[in-house]
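Note that subunit A is present in both complexes that follow, paired respectively with subunit B and with subunit C.
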Partner chain A sequence: MRAMTSVRGQVHLWVAQRVTAMLLAVAVTVHLVTIILAVRGGLTAADILGRLRGHEGWLAFYAVFALAAGLHGAIGLRNIAAEMLGWRGRGFDLAWLGIGLLTAAFGIRAAWGLYAA
Partner chain B sequence: MRAQAPSPVGPAAPRRPGGLRARPHPTYLAFLVHRVSGLLLALFLPLHFWALSRAIEGEAALEGFLRWADTPLVKAGEWLLVVLLAAHLAGGLRVLALEFLGWRRRQKDMVAVTAGFALACGLLFLLNLL
Partner chain C sequence: MPQTSREEREGPRTLAVRVWRGREEGGFREYRVPAQANQTVLDVVTWIQRELDPTLAYRFACRVGMCGSCAMTVNGRARWTCRTHVSRVAGPEGRLELRPLANLPVIRDLAADMTPFFDKWAKARGRFQPKDAPDGAVPEEFHVVPPASRQRREADAGIECIGCGVCYASCDVVSWNPDYLGPAALNRAWTLVNDVRDGAQAERLAAVAGDAGCHSCHSTQSCTEHCPKQLDPSAAIAGLKRRLFWDTLLGRRA
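For the complex of A and B:
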């Protein structure tokens, strides 16, 4: 039963890694284009806030982006730690999930800051 | 025939005729780039969110951070991050295409395209920065 739960957990993490990867494929493409265009002529707070302040569309985009990036990064770190350090098991998986959600919350807070500034 | 003693540093890379050591397969290099770029990007993510959250304290705080970051060393770091992000994106798309679309053919060419994409993004970033 415990082994089955573990296998199910692994499948959930694999699916989460792939779903977030698909979301990130779109979000990172938009982000790269934005970065490359935004640095032209120098980056200023006025430029960034002019684009993001009060725009619900960008807020939603960056909230989804932060959630996907936080989870994707944490699952990736979990895979590396499991392979290289032998950190395996439900306790570690839950800890990585917590780290991913915390990172995502930190990102969503930053996106809100840029929206409401 | 006498058995050869194992190497203390692990199995040696196979040798090609003429005594040249075989180079790692491009897909193995792609795996390494994907792993290292993912690791560095995941570690950078909280720092990036912290920097952006300066906006919570107002436009002046964000502007102050951006001016602090206006140094050649930080710009070089930003360039590296753009290349890592582009490499991780393109490498990830190759893996997704392999897993979900079964694109198994011409993997060496696919790896070359992902490397070209990452370097092109880095070049575009530099051209716009300068």
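For the complex of A and C:
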């Protein structure tokens, strides 16, 4: 039999997905409002840098946002793949977790780039 | 003045009934059955077996909607056949197509094998385990369970399940994931999670968690929509998820 993630692990993935969903609900709203406000006077690289460079608050916000998005998406794809393609088991779960963290890392790196620019 | 046909006034004189014959492999055979007023789908099956083909296999017991043994797929939808009137499902042409319940192995003809369904019921710890007497002895103290308490009402809402398997046959997740415990077993578990006299809470919650348990449910409510007893397994499963969410987040699980 294929090794499965423990039931406890499965529940943790589910809880992580719910918690990241709550974070995303807030983060996406903040993100959209920021976009709408920011583009009113036209969009320039200087504006963006002016807003984000050296601001720990924005860095933290985007780091959390990226982490939540990466994990939430990967866990969702894991569930779809398990149901539709039969991709079940520990190996797949670890791979999805890796993909989620990698996606998050790209986002965090971008946020860091703007913070430290 | 346009004449209404006799069919339109009284329904068809004969029913054209296609019945699944065989096991997983098999085919439909068509029978013509005299239509009658107040005829149930189970009456039709019984008539075919008595008058036309004694080899037809099907299952029933109580004929009054209590035992849960007569469920089949009627014109594509899982139903209890003893309480389903032909006039409600056969249309003006009097057509019926009968198959065994979906998502279960077929024993023969219209009889589905309920073994996986009841095995999962047991896996979900769907059995009451007295708190004070795990060995099954009569407890010394009787618990007082106030009828208006929240837990009692949660348990009451799901307690009338007759184990017919209609919800199980209507659930997509069961068809995608053969390990999924399914709506009836999880609904039963939720009634016991709310039973203050039960002593197997931690084990039961562990048994209904994860990918084979409540966390795979998509809350699509097909089970709730089809349950002939008007139960709401979908809400029961949401209750299990809520309970496990807070228990996990707050570290309340052993």
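Annotations
The rule is short, and it goes like this: the second predicted complex is superposed on the first by the 111 of 117 C-alpha atoms of A that agree within 3 Å, B and C clash if a C-alpha of one lies under 4 Å from a C-alpha of the other, contacts with A are read in each partner's own complex, and residues count from 1 in each chain.
The rule is simple: a residue touches a chain if its C-beta (ideal position, glycine included) is under 8 Å from a C-beta of that chain, and two chains touch if they have at least 3 such contacts.
Small disclaimer: the values here were computed from a predicted structure and weren't measured.
In the superposition on chain A, contact of A:R18 is made with both subunit B and subunit C.
By the document's definition of touching, neither partner reaches A:V30: not subunit B, not subunit C. Of the two partner chains placed around the shared chain by superposition, neither subunit B nor subunit C is touched by A:A60. Looking at the shared chain after the overlay, A:A82 reaches subunit C, while subunit B stays out of its contact range. Contacts of A:A110 after superposition on the shared chain: subunit B is touched, whereas subunit C is not. Within the superposed three-chain arrangement, the count of touched residues of subunit A is higher for B, of the candidates subunit B and subunit C.
When both complexes are overlaid on chain A, the residue A:L94 reaches neither subunit B nor subunit C. When the two complexes are overlaid on their common chain A, residue A:G70 makes contact with subunit B while staying clear of subunit C.
In the superposed model, A:Q10 lies in contact with subunit C only, and not with subunit B. Common to the subunit B and subunit C contact sets on subunit A are residues 18. Contact residues on subunit B toward subunit A in their complex (touch as defined above): 35, 38-39, 41-42, 45-46, 49-50, 52-56, 58-60, 62-63, 66, 70, 82, 85-86, 88-89, 92-93, 96, 99-100, 121, 124-125, 128-129. By the touch criterion stated above, subunit A contacts subunit B in their complex at residues 18, 21-22, 24-25, 28-29, 31-32, 35-37, 39-40, 42-46, 48-49, 66, 69-70, 73-74, 76-77, 80, 103, 106-107, 109-114, 117. Listed in rising order, the residues of subunit A touching subunit C in the complex are 4, 7-8, 10-12, 14-15, 18-19, 79, 82-84, 88. Those residues of subunit C that touch subunit A in the complex are listed here as 173, 176-177, 206, 209-211, 213, 215-216, 241, 244-245, 248-249, 253.
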